[in-house]
Amino acid sequence: MRRAVIGIMGSGNNATAQETNHALELGERIAKEGWILLSGGRSVGVMDAASKGAKSAGGLTLGIGARSDDSDISEAVDIAIITGMGSARNTINVLSSSIIVAIGGNGSGTLSEIALALKSGKHVIVLGGSEEAKKFLQKVGGKNISFTDSPEATVKLIKRLLAA
Amino acid sequence: MRRAVIGIMGSGNNATAQETNHALELGERIAKEGWILLSGGRSVGVMDAASKGAKSAGGLTLGIGARSDDSDISEAVDIAIITGMGSARNTINVLSSSIIVAIGGNGSGTLSEIALALKSGKHVIVLGGSEEAKKFLQKVGGKNISFTDSPEATVKLIKRLLAA
Amino acid sequence: MRRAVIGIMGSGNNATAQETNHALELGERIAKEGWILLSGGRSVGVMDAASKGAKSAGGLTLGIGARSDDSDISEAVDIAIITGMGSARNTINVLSSSIIVAIGGNGSGTLSEIALALKSGKHVIVLGGSEEAKKFLQKVGGKNISFTDSPEATVKLIKRLLAA
Amino acid sequence: MRRAVIGIMGSGNNATAQETNHALELGERIAKEGWILLSGGRSVGVMDAASKGAKSAGGLTLGIGARSDDSDISEAVDIAIITGMGSARNTINVLSSSIIVAIGGNGSGTLSEIALALKSGKHVIVLGGSEEAKKFLQKVGGKNISFTDSPEATVKLIKRLLAA
């Protein structure tokens, strides 16, 4: 059986300090569980921090790039999948992940990934979003969306979901 | 200069009666303005109603299909673009439209299109969404998102945006 | 029933004079038959010439763009479908066409479209390719590929294929 | 620096015994060099054999799937990238590989990958194609295409190309 792939989505240039801290810790915890980390691969923000966190714990990291080369891919990405498809690669991010974690989620790119994941029937965990986001996304996602407030709680929930 | 393309996004099987009525009227009004109508092309819900509305006024209708053939495309679609890409075609819908109108917008597919449109810098008009949706999407979209409550008001706004 | 869409594929910057002449005439003949012309949309080479030919006869022209905006799209394209997907849009070109005509076909981009068309079960007509190309492509395409040496013969063949 | 990714392309259901034997041996040799193996991921033909060969030598295998789930992916694929994009995923195969090896190459799917690889400026090695294929593809690919007749010679050439 293939190892589980956990997708972490979140802001690039506009990520807050708390979001990147969450991403760093979550990446590390995902690696310690033996799961593969998938992200949009860029060398900024949540994607970069999550990949670095996973590498710090010896994990395996995938980056699904938007450009037609690897010029924007983080050094902490082990395997760069180059799509040349811009935001259309967001669909690949969610289809290739067992479970998707959105850190924050008020950015339009991250929101598109939450929506595409729900559309494809994947479970989405939103770590630390705003109250407005929770209220609305709960309505959109129903039982396929959950909200957490720490990387630790997120990993506990992923374990439960993978075991189900 | 090419004619403006107005993209109408909305639910397929889960569209409400009000949403399909709005779509029908909006499609008709778009055709009367001489704009081309673009949708996801399916023969159900908002997409189908918008295409039928446009055809009733002699308009030109595009459908960007998700499947690898035209088996799910509405008869009211003049030109079927077949992508075989599933939800990744949502990116094409927004990039190919001058302005995107989301009717409703609590569905995950439509939400992904709103988010992708904002991500790509396009203006989004949400016609008739819920209060939760408005509150949250206003935060995500800033000045690139507007809210209307009738097809007539929507067309007025499109005119202003196209002239800007 | 939707109007037939005929896809014309061929070189951009490296098109020969004969290829662009063929494209111009073929575009015109396609428009006169009432068929819609589809191409990769660029403002150079075979794509541009075919679109201009079709417009000269009052036809309707589609361009499936590779970029994320319409900056490389010919003025002779009526409807620009913007994919932002680079060469992945070649798949859309072939899936959206009833029949594909490759003018020349020694270029790698055109060859990818011939191959993708055959893969998806579409009929390909190669207008004016080299002897090496014919020999090899005949082997790859079997009964789904034909070779012609003039726009007139190409249109005659399209008619037969559409009627079948 | 990221490990090199070598893409192996070839027939699925129509692969010959020699082609799958070549794929098996080449996959094994690629793994022994420490390179990552990439393929279209399916559980048949050249893709399956290459992945199995690589796994037999402890390698890491990627499969870029065409479907929207992993139902057609080989058990010998460690990491399944799920695109839901049909043949449009062929573009991803070539962009994500440092070098592309086509085993055989008279099939339309493989031919599309050879062409897309050349289009994107990647080097293609054709292992064991027909004389017609060589003659024509040499003309299309120029200095970016090479022909070999054994997995051993292929790996030697990859080494030289990666070192260049």
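Labels for the chains are A, B, C and D, by order of writing; each one numbers its residues from 1.
Keep this in mind: a contact is a pair of C-beta atoms (placed from the backbone, for glycine too) under 8 Å apart; a residue touches a chain by one contact, two chains touch by 3 or more.
Because the structure is a prediction, the values reported are computed rather than measured.
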Interface with more contacting C-beta pairs, comparing B-D to C-D: C-D
Repeat of the A-C interface, chosen from B-C, A-B or B-D (over half of contact pairs identical by residue number): B-D
CA centroid of chain C to CA centroid of chain D, Å: 28
Cα-centroid distance, chain B relative to chain D, in whole angstrom: 40
Shared interface positions of chain A, touching two or more other chains: 68, 83-88, 91-92, 120
Residues of chain B touching chain A in the complex: 85-88, 90-92, 106-109, 111-112, 114-116, 118-120, 130, 132-133, 135-137, 139-141
Chain D residues touching chain A - in the complex, by the definition given at the top: 2-3, 5, 36, 62, 64, 68-70, 77-85, 91-92, 95-96, 120
Chain D residues touching chain B - in the complex, by the definition given at the top: 68, 83-88
